[in-house]
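See below for the structure under consideration.
Should a chain be cited, it is by its letter among A, B, C and D, assigned in written order, with residues numbered from 1 in that chain.
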Amino acid sequence: MNKVKVGILGATGLVGQAFLWMLSKNKLFIPSFLVASEKRAGRSFKEEVRWLMPYSMPSDLAELEINKMDFNALEKEGCKIIFSALPKNIATEIEPELRKRGFLVFSNAGAMRREENVPILIPEVNPEAIELIYKQGYPENGFIITNANCSTTGLALALAPLVKYGIDEIYVTTYQSLSGAGYPGISSMDILGNLIPYIDGEEEKMIFETRKILKISSSIFPTCIRVPVMFGHLESVWIKFKERVKPKDIIEAWTQFEVGKNQTESQPSKSIVYCPEQDRPHPGMSFHGSPPGMTVYTGRARKYEDKIGFVLLVNNIIRGAAGGSIQNAELFYKKHGNQI
Amino acid sequence: MNKVKVGILGATGLVGQAFLWMLSKNKLFIPSFLVASEKRAGRSFKEEVRWLMPYSMPSDLAELEINKMDFNALEKEGCKIIFSALPKNIATEIEPELRKRGFLVFSNAGAMRREENVPILIPEVNPEAIELIYKQGYPENGFIITNANCSTTGLALALAPLVKYGIDEIYVTTYQSLSGAGYPGISSMDILGNLIPYIDGEEEKMIFETRKILKISSSIFPTCIRVPVMFGHLESVWIKFKERVKPKDIIEAWTQFEVGKNQTESQPSKSIVYCPEQDRPHPGMSFHGSPPGMTVYTGRARKYEDKIGFVLLVNNIIRGAAGGSIQNAELFYKKHGNQI
Amino acid sequence: MNKVKVGILGATGLVGQAFLWMLSKNKLFIPSFLVASEKRAGRSFKEEVRWLMPYSMPSDLAELEINKMDFNALEKEGCKIIFSALPKNIATEIEPELRKRGFLVFSNAGAMRREENVPILIPEVNPEAIELIYKQGYPENGFIITNANCSTTGLALALAPLVKYGIDEIYVTTYQSLSGAGYPGISSMDILGNLIPYIDGEEEKMIFETRKILKISSSIFPTCIRVPVMFGHLESVWIKFKERVKPKDIIEAWTQFEVGKNQTESQPSKSIVYCPEQDRPHPGMSFHGSPPGMTVYTGRARKYEDKIGFVLLVNNIIRGAAGGSIQNAELFYKKHGNQI
Amino acid sequence: MNKVKVGILGATGLVGQAFLWMLSKNKLFIPSFLVASEKRAGRSFKEEVRWLMPYSMPSDLAELEINKMDFNALEKEGCKIIFSALPKNIATEIEPELRKRGFLVFSNAGAMRREENVPILIPEVNPEAIELIYKQGYPENGFIITNANCSTTGLALALAPLVKYGIDEIYVTTYQSLSGAGYPGISSMDILGNLIPYIDGEEEKMIFETRKILKISSSIFPTCIRVPVMFGHLESVWIKFKERVKPKDIIEAWTQFEVGKNQTESQPSKSIVYCPEQDRPHPGMSFHGSPPGMTVYTGRARKYEDKIGFVLLVNNIIRGAAGGSIQNAELFYKKHGNQI
């Protein structure tokens, strides 16, 4: 089978790198047109990227040329499917234009998530949300499908099997890694042996996106804090359920969470893995699992009075960004790929 | 005035070092008898300590001799006041024995905090608890006064001015520094660029001690996590108050918190300082304030729905350990010093 | 083909983990008998290991049982080939005993490297040294083949193609990662945001082993320093050559270094890769290359007056430990495997 | 005595902060006019600074107003003495202009160090170099006195007492802290748990400046590498002396190094302190000594064959930057202060 050519916007950034690294091994898609800022155009990916992934740069993709944004060139190259790792302000302009021109945009940018007809899609959680693309005018137009903000992705996945118990209140405090801020992102002088107790816009995103994905109206009380960790967001969660729930119930719910098993290539055999050890999960496990970085790990399920507490780990760059978008594109392709 | 001679138990450990560093500048007390494990006895403090404070070792104390535990020698040296930085299991044995023999023990160890007549004392918060010493048999016997666990100290101080609003529920998630685990404590392989989402016994301490100090029965939901920071515990807090409270109310309560101002030498002019910047406080400020490390910093006061959120920073080694004990001894000396 | 069963001594330690991780994908060898300290015996690898590799634990090996040291059981299991990740003092006793009993020991321990007939083997550098096994009494006896100390491995590999120019003096200063000290190894209080300018025995090893491997008598001036990095030793080197050498000469020598290409499975297609970027290599690249961690990266080749300077990076746990031993076993098997 | 008013250029940067912090306790000088980039002008120091020192911001200076660069205003304010923490490119323009207008410039910038008549002054090392100001046209003009680059300062101080033995060759490899790159400086993604084996221009500075300060023509082979440490540069040094020298000779030379003892207020009683412990000094000691950060610590003196090796630690922000300039100004004031 010929692989489907895809374009990658924001290819040299951290999420762009994650796209290339994951796609270099993908059986369905192949990166074919890379877009980055105009000053990089004409040079190779290898020359322009500050490679930060803990694995080697895929040698076959290293020589791909960087292009400036060019709708016609994308079309000419045959890249109907677009992965967007653009900064918010640029995404706000370009993604709707791509949709208008018929492109199928799988976006990691936060820009369009608040638009009613744009799904925030996590295949294991709300696969039905993909149908919103028809409300965006597809197939006459293209569409935009977003994945959730990185910290929200972990929370929404861990909560998905628990929604059935009724969720009244969510207290979530995050330990977010540096890679979430991109490159160069955070100054080493601010974070080496230190913490930054504020992440612009993050708490609002967690509230809005968690509700939209899970279709719940629970109260959510988030505190988002940056920690000196390279990859992986850890989150501490306390939940007030409507029903009586014991720790073993939520562990069982996670263990049995098998919705859409093997739905797509990038979906791990178990999307949520509970760690029985008392001091797990930790960010050192961010690239564990298969494919690396796609599993959400939970741990420390415990009850105190009427609340349930636990911690979770999500790889913010893979599951919470590039991998999420790729998984969304795979789901689309599986369901509606014959239409392309 | 002649300074009052004091003994320090566990002198070469991290808290022991903090005792010596703070006392080297204290006007009331002077370290006179240092106790550490028997194998260190007979050598100088300087030779036996792995000095870890960010400041120079006090040169006048560096030459003090290390002794093994010896009740008679302590007495002979005239050290009636004892600062204890002993590990829990040793403290459990030795501290009651010291009390029986008439010593006045100011302990940083968790061993005795659950005993009904042993106060967990924070001079600005519950100075009246000092009177419990009489229930321990003082002045016929000696007594034990403890300071709170490090993370509890910060929480109890920040909450003290807010108790008046009625506290229903406390959700507290900690970012605890390495020094809290002592030396050698945590392996670098476990924590460099990583987190450990569990601290043995810490969550139970926060619940019990916060209630005992503040004389409240609120529900407390703690998650305690170790972060790669050297000094200073950061805590993220969400509170459900009984009354309607706005962020400006709690900021005002902190700002006006002046109970017992200038009570003792080691008490800062303002024990709680609110940081108006949106990304403060952070652990890099752990040794700010005067005396360094005795101020608790709060920040990010905000309201979401009916809950109030904020963050706080406490220097775990100074305010949350050695400094707390010293302040307690100063308070005792001020109130009852004429009895010694 | 049936894989060759091997025993792993010190299986739960950091190097032991690296052995299991690498061997889980090896086509020739399969871990079949794991040895660790007696108190761990009878439980599974998974239960007893503090897994520290940046990749998932191999699920097929996770359930292997831990055994105490038992020569007969090893024999019974059919494990003639032994990989040793024992601490030096234990290795000193056990490895000669294994040899006497006919086992083929590939050791990462420093214990036997100074014995004249024990080779310190790096297949690309001194493959002929393998013949020393006959001087150890093989095949009547077994033998011990060691790989070099981690920092020496990187230096010896980088220097191998340069020996032809005559090496008078080597000034080498290391930036050694925490994993080199094992687990728990170095206290986080000593190294977070800090350095330790001394590594016990390391400088002596670099001098002795580099000379033995390269068969040179150059003067070597090493300084070995621990840095807060998890994996990968960086080394800064200045060389006084006997001949006139330019930076481009050494770059060319590295580039053309193809001795024994594809000799063994674990040997990368290029064992030394020169990085043309001015700020490379760096430890973030420790698991780059294929197999991950087996490539030595060099960079910053430059001349000042009559000396040549460069930097190099070696993955201390893979190339400098487990991977080195495995590669040695593969070389033995290729050359003399028919004898087993 | 009235303090002498001084101006500080680049006041909100990292070195600027160090100037303010040190001067807040200085008995001779008082910061009176702060200059930073134009966009900050009109606001207070406190509002505009990202305070990064490990100590509290001096409360008396926190309210000082930030000004844009204005020669007349500086003059009007009576600030004849100027401390410059300007970036190189701006310093190149402004410092000569200041000199022309009669200001006495004590500069931390590298801009003018290569000018023949501009001294690179370290009071304990080359106090006589101060006389170069007359070759700059002083007192008709003002003058520029620079302090050395941070890593050079430590090296030159440690070598000063050793020059008498004749220095043939210096091999120096640095472990430079993040603060040396200013703020925001180095991306956390580049350095957390990592190293950067290149610092632009640094190696050239070490060669040129060390020779100029010590008036030697030795061969110097530097490698400069950035490490994840906040404050303090560690350096590993191997020296080829002309004479036969033993480790005890250099330890003695350091110990007896008393040139100009108590010359100025900011000069410590011992400018070089040798650490006898085998694993010292380390960057955790950067703010040790009195005044904090002004002592250069050496350690690990050892001989191998005919070379002498040692390590040294210099606080790059204090001794290697702001403190060096202040000390220079104090020396000038002591020698020629009556002329102002």
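Just so we're on the same page, a contact is a pair of C-beta atoms (placed from the backbone, for glycine too) under 8 Å apart; a residue touches a chain by one contact, two chains touch by 3 or more.
All values reported here derive from a predicted model rather than from experimental measurement.
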- Message: If I compare contact pairs by residue number, which of B-C, A-C or B-D overlaps with A-D on over half of them?
- Response: B-C
- Query: Out of B-C and C-D, which chain pair has the most contact pairs?
  - Reply: C-D
- Please report how many Å separate the Cα centroid of chain B from that of chain D, as a whole number. 38
- Return the distance between the CA-based centres of chain C and chain D, expressed in whole Å. 42
- Message: Averaging over Cα atoms per chain, report the distance between chain B and chain C in Å.
- Response: 47
- Sites on chain A at which at least two other chains make contact: 52, 192-193, 228-230, 284
- Task: Name, in rising order, each residue of chain C that touches chain A in their complex.
- Result: 52, 54-56, 192-193, 284, 287-290, 292
- Message: List the residues on chain A that touch chain D in their complex, please.
- Response: 14, 50, 52, 178-179, 183-193, 228-230
- Query: How about chain C: which of its residues touch chain D in the complex?
  - Reply: 171, 173, 175, 193-198, 207, 219, 221, 223, 225, 227-230, 234, 236, 238, 278-284, 299-300, 304-305, 307, 309, 311
